[in-house]
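Please go over the structures that come below.
Two complexes are shown next, each including subunit A; its partner changes from subunit B in the first to subunit C in the second.
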Partner chain A sequence: MTWGVVIFPGSNCDRDCVHVVEAVLGQRVVEIWHEDRTLDGVDALILPGGFTYGDYLRSGAIAATAPVMGAIREFADRGGPVLGICNGFQILTEAHLLPGTLVRNAGLRFRCVRTWVRVESTATPFTAMLPAGAVLQMPIAHGDGGYLARPDEIAALEAAGRVVFRYSDPDGRVTPTANPNGSMAAIAGVANAAGNVVGLMPHPERASEALMGSVDGLRLFESAVAFLANRVPTAPIAAAASASVASVSVASVAGGAR
Partner chain B sequence: MPTFRITIMLKSGVLDAPGQAIERGLRALAYGVDRVRVGKIIELTVPESMRPKIGEMCERFLANPLIETWGIDEISPLEAATAAAPDGWEGVS
Partner chain C sequence: MTSTGALDVAARAGLTALDYREICQRLGRDPNPVEARMFGVMWSEHCGYKHSKKVLRRLPAASPRVLTGPGENAGVVAIGGGWALAFKMESHNHPSAVDPYNGAATGIGGIIRDVLAMGARPVALLNSLRFGPLDDAKARRIFGGVVAGIAGYGNAIGVPTVGGEVRTDPCYRDNPLVNVACLGLVRADRVAKSAAAGPGNVVLDVGARTGRDGIGGASFASTELDEGREPADRASIQMGDPFTGKLLIEATLEALATGAVVALQDMGAAGLTCAASEMAARGAVGMAIDLDRVPLREAGMRPDEILLSESQERMLLVVPPDQAATVASIYHRWGLAAEVIGTVTSTPVLRVAFGGRTVVELPPDLLAGAPGYDPEAEKPEGLADRWRLDVTDIPGTEPVAALLRLLRHPDVASKRAVFEQYDHMVGLSTVTPPGADAAVLRVIDAPPLGLALTSDGNGRWCEADPRRGAALAVLEAAANLACVGAEPVAVTDCLNFGNPERPEIFWTFREVVTGIADTCAALGVPVIGGNVSFYNEAEGGGGDRAIFPTPVIGMVGLLDDLTRTAQPGFTPGGDRVVLIGASEVTLGASLWLQVVHGTVRGRPADPALERSARAMQCAREAVRAGLITSAHDCSDGGLAVALAEACIHGGCGATVTLPAETEAWFGEGPGRFVASVAPERLAELKTLGRSHDVPVVLLGNVGGEALRVGSPDGRADQVYDVAVSVLTEAWRSLEV
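Presenting the complex of A and B:
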């Protein structure tokens, strides 16, 4: 399968994502520039972290107007797996592909710490192969990470099983001190209604090799690989994607991206 | 062409970190303040045909209706922020 990593001006974990997918997972990956209008037949998409467009206006707000967003929206609408990490999560909320928004951390500090999250839903490509209730250690690094939505929206997300990750302690207990940024209901990640679009504030790509102190983040990427492998025979999107992959040169895509 | 001044404020109840920091600063300087709120001001000069679209611009993009409110004031071009920087600064911006 082919992964796409979308790069905006100010993305800063894009290379980390490419490295993990390519070198650690052994998957094909293409870089997609924010001005591109097609996704070159990718099977799964990552919107990496960073501070796109200097976080002007609101975190993710300008990126949500980028030319590439039309193709991302189409891909998401067709059921393609999309993972928004940190700023990528903020972009997905600003683009209304995910509900709610991310506001300034409670406590006013930029938080760059290890966190633990409990897997609350396995009904997404990125968590399908994880046991429900699994606790993953992944770092956060953000100033605007407080998840906020209308209370009725939070209740609806909870009822629909769309809260995917919740900040917890290493034992999976959701405690006030385990919540690093004041997120409502300790929400660290949510999914869209179909489950294929997931956003989270922690950085799985920074927890994908033993050298980094945790390999828990790798499980998200592995999960998506297994999920897609299982559904390939019936998924029109996967079929269309693999058909077009042959005509795309990785070198030309990467060259166009930079 | 009309010029509009958009004032965007966080809704009460949404953490206003800069407001809190400024409030503390003012108190540290021994000024009594009850509350400080920080927002954004955006000035737009638009073609006349865009006049009816200003509200839509705010709702779709300039503000996030979930956490922010906004006010729209039409201002004269003279009111707009046009004060020039001192001589010698030209080209810096």
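Presenting the complex of A and C:
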């Protein structure tokens, strides 16, 4: 399969994502320029971290209007897997491809620390291979990572199983000290209604090699590869997604993935 | 003889009468006002190194690995596997005193571009910071602003900040030090140059547009700060834009990859004037520049403003005329300006036109060739008296209470609250994050090659004995690298001092350089570049407000296999605790003396270069052979602090034997390492020690939840016990 990594001016984790997909995962990757109008041949897409256009306005606000966003929206509408990491997550919320918004960290400071997240939903390509409740160690590095939405929106997300990752301690307990940025309901990542677009503040690409201290993040990329391999190509994407999620996640639990 | 009017021109340009006369003599005429201003910045201390250049020649600059030594934008050394590293440290002290956020941010931007100018991708940043006591309101404001500025620029531009230091002393209250270093990686056969060449080649101005900011910043950094003038000085401060800086990195690396770039340089201090004159002088060519073609931010800028602007995120490139459009289009694609503003000429003249008329006509080597002075040097009065320290005169204190006070001191305490604000992981290279003795990076394209980075400097030691203090700073940097198993390959230094026109300051500077030179020579490490920052004193203090002489040593080391490294913390289990190296220690100029008795007195330890170098080698080999499970160097606060830190890092206790004497606990001396070793490998470690003639002293055992220190004679009243949790709480005092 072919991954696309979108490069906006000011993206700074693009090379890291390319490295993990190419050198660690052994997958083909193409770089998508912010002025591109098509995503031809791309099977899964990553919006990497960084400070797009300097982020002198709200984080991600300018990138959400970039020329490439039309093609990304179309790709997402067709059910293509999209992963927004850190600034990529902020862009997806600004583009209304994901709900909510990311505000200044509760401590008002940029934080670069190890965090743990609990997998709350396996109904996405990036978590389909993971058992629900799995705890992943992935670092954060952001100043604007506090997840914010109206209480009724949060409740709706929870009810629909669209909260994908929640900050927890290493044992999976959601505690106030495990929440690094004051996110509502300790939300670290969410999905769109169809489940194919996922955004999260932690950096899975920084937790994809043993030398970097954790390989938990690699599971997100591996999961998407397996998900796409299992997907019936001719079936309408959205329908196929929910069907394969169930079967894949059962297989992974049985196989003792974690 | 020059007229009074001409001397007014000179004074306004910041030139001394002496310098002005020399310029007139070498030029054969009076410079016009625009030219005088150009000389004013190029012959400032910041650009011209007038007081330091002769002394700096003492530093060893050669090694078989050195591809580019001092004098370029950054030094470059080969590291194997077809790769080389570029490394450079610079100060941004004066701007940070006036505008902490922007001063620090533009310091980061500038040092990144120096490394980029060598054709290297910047991959890591370090910073060494000095502030007044953090309970002082002014010091606290500067500290907060500087850290935020480093974070704001470094995080956005996507170069990880992987290490550094923060130290405090009242002497830095009005003169904070912000020293920043950048490391880059470049293919050894693709190192870029700054010497302009090829008459007929064109000169490209790329990056941000030129505005009225930072005009005369270089001269500003070459005078003492005057508190009342702060608001007026703000015009001399540049504003950084990390977004444009990031675009400039990517566009420039892409431009270099085309092979079309003949030469390039950052437009930093003294802006276009400095870049054009230095590039032409290095290539022994001339340049014809047309200021009407420089991309400007605002209309109506005068020629001297365009020539002296220190607007950030700009570079000057020399490319063949038939490639100019290709190179410019790369910058345009990244949304940056790129304009041909001139050509390289064969006659060595820098000719600048504005409005169709020549406004400057100067030999580049005269502009870039500020004279080297031989300032008067005089040993500070009473230095030898201050060295006298009778330990028996100093009352001892309860050692556990003293240990906790030392752990709480900002020089020792955890800096997590600071480095958590820096993205230290971007780039996927940081294997050992900040907080250990040295940061370890992988060379992602040449596994299993690794690099280790550290920066060290101890103003207290240098205040007491500049030559020894400087030597000890170099040794400490080498010791930090040894702890992770790295062999030092290059040094870059930042030398921070008061006013060099005062004979005792200049004497101190010369002593410091000598100490660095001797020590680097003994260790076989070249000094591949660096920076001098004078005039770090606030006006009107009669000299008592100058900072401690503060050399900061940035050192980079090589790991052939980065998996063979060590970390500072003890690991729970049955390990033995040993002290590798047993140099003489002293309480002279120690942190203990300063913290407990509030004084800097006595003389720091003898560097004992040969013996210390052997201890480093022994520790490094022990790490590389996997003989020891942890390694941590003894520094501020001596053995007791090192033991406590090994317990804190590892989260477990230890039981050790130490004489119940203040000197044994808190005495400081070079070349000593606290290490832990599995019992079955202790004999092997001792054999290694013997082969280097380095003592390996058994101190005790790892284990328990407390640091327990007993005296060798087993006296029960001299057993001290302190829980690791209590040590940790003290050490984390800055994290609130």
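Here is the rule we go by: the second predicted complex is superposed on the first by the 231 of 258 C-alpha atoms of A that agree within 3 Å, B and C clash if a C-alpha of one lies under 4 Å from a C-alpha of the other, contacts with A are read in each partner's own complex, and residues count from 1 in each chain.
Quick note on the criterion: a residue touches a chain if its C-beta (ideal position, glycine included) is under 8 Å from a C-beta of that chain, and two chains touch if they have at least 3 such contacts.
Predicted model only: the values in this text are computed from it and were never measured.
Visitor: Check whether A:G10 is in contact with subunit B, with subunit C, with both or with neither, and answer first, second, both or neither.
Guide: second
Visitor: Touching A:H203, do we find subunit B (first), subunit C (second), both, or neither?
Guide: Touch status of A:H203: second partner only.
Visitor: Would you check which partner chain A:L211 touches, where first means subunit B only, second means subunit C only, and both and neither mean what they say?
Guide: After superposition on chain A, A:L211 lies in contact with subunit C alone.
Visitor: Let me test your reading of the model: by the given contact rule, A:R173 touches which partner, first (subunit B), second (subunit C), both or neither?
Guide: In the superposition, A:R173 touches no partner, neither subunit B nor subunit C.
Visitor: Spot which of subunit B and subunit C makes contact with more residues of subunit A, would you?
Guide: Larger number of subunit A residues touched: C.
Visitor: Tell me which partner A:P139 touches in the superposition: subunit B (first), subunit C (second), both or neither.
Guide: Second partner only.
Visitor: Scan A:G182 for contacts with subunit B and subunit C and give back first, second, both or neither.
Guide: A:G182 sits against subunit B, while subunit C stays out of touch.
Visitor: List the residues on subunit B that touch subunit A in their complex, please.
Guide: Contact set of subunit B toward subunit A: 14-17, 20-21, 61-62, 64, 66-67.
Visitor: For the complex, which residues does subunit C have touching subunit A?
Guide: 151, 155-158, 241-244, 246-247, 334-335, 419-428, 430-431, 442, 444, 562
Visitor: Over in the complex, which subunit A residues touch subunit C? Could you list them?
Guide: Per the touch definition, subunit A meets subunit C at residues 9-10, 12-13, 15-16, 19-20, 49-51, 53-56, 109-113, 139, 141, 143, 203, 205-206, 209, 211-212.
Visitor: Hey, which residues of subunit A end up touching subunit B in the complex?
Guide: Listed in rising order, the residues of subunit A that touch subunit B are 57-58, 61, 65, 94, 100-101, 103-106, 108, 146, 148-150, 182.
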